[in-house]
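Before anything else, here is the set of structures, which you'll find just below.
Two complexes come next, and they have one chain in common, chain A, joined by chain B in the first and chain C in the second.
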Partner chain A sequence: MNFNATSGARHPAQKGSRKKRVSDTAAMSAPAYPPPYNPYASAVPGNMPPNMNMYDGRYVLPPPYTASPDYSRIHPSFPPADQGFSIPSQFLNEPLVANVAMQYGQALVGSGKQLVGQELEKYVPFSRIKYYFAVDTRYVTKKLGLLFFPFTHSDWSLRYEQDGPVQPRYEINAPDLYIPTMAYVTYVLVAGLVLGMQDRFTPEVLSIQASTALAWTVFEIIVELITMYITNIQTNLKTLDLIAYGGYKYVGIIFAVLLSILFHKTGYFIGLIYCSMSLIFFLVRTLKVQILPIGTSPSHHDPYMHNSGNKRRMYLLLFVAGIQPFLMWWLSFHLISPPVPKS
Partner chain B sequence: MAFTLWNLLEATLLCLNAVCILHEERFLVKMGWGANQNIQGFGEQPSVRSQVFNLVRSIRTVMRSKYLSILCY
Partner chain C sequence: MLGHLELADVERKRYRLPSCKHIACLIVFLQTLAVLNPFRTTDASILQDTDLAGPLVFCLALGAFLLLSGKVHFGYIYGIGVMGCLGIYALLSLMAVSAVTLGTVVSVLGYCLLPMVILSGINVVLSLQGLTGFVLTGLAIAWCSLSASKLFVTALFMDHQQPLVAYPCALLYGVFALITIF
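What follows is the complex of A and B.
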């Protein structure tokens, strides 16, 4: 399809086909088109034999333009064979033009959306976050079981794709952000519940608890990041990974606080100690793969790595794992109730 | 306990302020903590001290940069 006015002169054989196409579109829509074509159709039979004989070397340039004044009178615009630049309503009614306009509009919207997405990506990495929420029920149940009883799990290695770890849906050892987020919200709700049972509840308490827990998590992650920068340890851990590993402690906190409802102080401490041990075990086994260098790696691939790096990595690992029980205790000990005195 | 986000923000601001107002020439060099006083080879791992100095220096540079001064207006 061509909208060019001079294209008819270049390729006279197209005139016959254009006539056919124009009559097709005239049959489809645009009732204004058939009348102006009549003088064109009457002028064409005289041109048909020269079209068939174009190989004689004769160009049929003169004949169509002698007919042009005829239908420029009837159709006050360019020749309708151009199918464009006419009265706007007829322009938009033309289905071919409407299709092109729709595609152009959709392309504009698509590029606008892409631009907005790129700008937002700079501040909040949405595509990275989506990876951490790619979980399913089977993964969540297995992970929760692993958080409470990691002692029998044997294979802690991560499978990798081309640019990152496999999605949590397919890999039980990969970190996710779904469990920490849910556990954080549940922690705030359980805190409200427990305080309500002790008649210590006010609505501000909920927001204070939420803000406190969030502040401690942010502080812990900042300390970990600064430590990793200062000690110059190169790992594959990203910030979101650290957020994920820091959020697993809320599961233990919830368990301990729920135990404290039934068994008061002793139940709370038993639950806290058990959850701390299992969380420490879980974190040490998981992070050992990522922080400590693999013992079987060839030594020539990194001539700049010292043996002292191992010591630093071990300290970092112990720090990350050891701060968890302390924070678990700090975030929950004010929620437990004193034992009810027997009257 | 009630260590909320606001308290964290306050603490961060005070720490950043402390890092910025430490004058290099007057205090740090005298105590042997100047930024140009460490000599180390290219291939070795940077020591903890040099990393801390780099961190302090970069925080100071960012805080004094033009971007933040534009934010004030």
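What follows is the complex of A and C.
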């Protein structure tokens, strides 16, 4: 199963290969036993025992049982044309049968894996998630620079291709999930480090930090989704976009906590305030493109985005951007050490 | 002995082929040397055969050196190793266009654990808590993650993503370094 990041373009090819595979296994899924395996009948060199003619698609009657009397017993539950497969242990010892069984098993495993992948795709959309991880080094460095200093960036619009936004690799304004994920993991590790430096570290602390931060992020996303649903605002924002934008705050948290190692409380608050301001600016500018309607939007941008509810959209935008500083403070204030008393 | 052949040649010398056990050790050693030079250009075929014996040997060696320093951390090594491998496997399967197998990930991460094993060996004789200790630790983490990311990027045909792969590997090896030092 190869999931390409440009999932839209890939699906027809996947469906095509799936069709091909189904047609391959269609021959095997015949109700009769054994599966009529045409290619293997022709691959067998000349000297095959008489009952091997079963491998033809047609249920031909075998020649008279002169050479192998063992296979003359007919299994009652099989269709009458099948004869001679009633002793599995002896049957499986035949080299041809072993080959066929292995090929059948391998093909079954392949189609089974594909089936599992399809089922899993319904619950966790891997192909959608792969889009958010299609990043490269240039994008990540530029995005981190943008998170810390968004004030000079001028063009915040998002380019689209035929069915979705351009991959983050090619569009600096597109959200990604690599930075939020890495920032989350780094946040947990930095929290462990800082607590270790204050002699407050136990291994449970790491899991407590991780689950607390995760719970708060999930809560924030749910509140945003409910708000968007209640106020009936329709945007292009997907849930994964919201997760991405919610995860950018961990970069600011890490910066503030690292400053607190050197400069204690003052360093922490300075870092927190600066990162909050830049994150608010970044989010307002980025989400303005996606939530507020653009007056002269190109025709392909979103024909379904209503121009009503501007005030509601503004409030949603300010809400999303405004809860970030509070959450940043809430998730990190317990990590800073009190200033060292001067002796 | 298995593999012990005698060849009669014109000078009537005996040539002895190495035994299978020796060949296996040799392969592990050669693969280790091949993967651990971060400045050597590698090709993608190096990961065709995923070998899990080398990584296992390195994990046991790491645990043994930690034991010599008075810390019994086999459980931590196993737990962090498993979780780290699963996490990096998930990340790489999302980031790379070509297919990733768990065996490849475990094999690469295990082989690149060697600098960490060397660090824990140094920790037995010197204490790593001073400035030189931090510098050595940083160098070891950088060496591990650079070689691991180089192998991943080469084997999975990822372009311009080596630092992005190196960072999570550095986090993982940083956790190993933490349990080595503290």
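Following the convention adopted for this analysis, the second predicted complex is superposed on the first by the 217 of 343 C-alpha atoms of A that agree within 3 Å, B and C clash if a C-alpha of one lies under 4 Å from a C-alpha of the other, contacts with A are read in each partner's own complex, and residues count from 1 in each chain.
The rule is short, and it goes like this: contacts are C-beta pairs under 8 Å (C-beta built on N, C-alpha and C of every residue); 3 or more make two chains touch, one makes a residue touch a chain.
Computed from a predicted model, the values in this text were never measured in an experiment.
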item	value
Touched partner set for A:S211, first chain B, second chain C, both or neither	first
Chain B versus chain C as contact partner of A:H334, first or second or both or neither	first
Partner chain in contact with A:T231 - chain B first, chain C second, else both or neither	first
Touched partner set for A:I270, first chain B, second chain C, both or neither	neither
Touching partner for A:F219 - first (chain B), second (chain C), both, neither	first
Set of chain A residues, in rising order, touched by both chain B and chain C	none
Interface residues, chain A side, partner chain B - complex	208, 211-212, 214-216, 218-219, 226, 229-232, 303-306, 308-309, 334
Chain A contact footprint on chain C (complex, rising order)	87, 91, 94-95, 97-99, 159-164, 167-168, 171, 174-175, 182
Residues on chain A engaged by chain C in the complex (per definition of touch)	1-2, 4-5, 126, 129-130, 133-138, 140, 178, 181-182, 185-186, 189, 196
Residues of chain B that touch chain A when the two form their complex	1-8, 43-46, 48, 51-52, 55
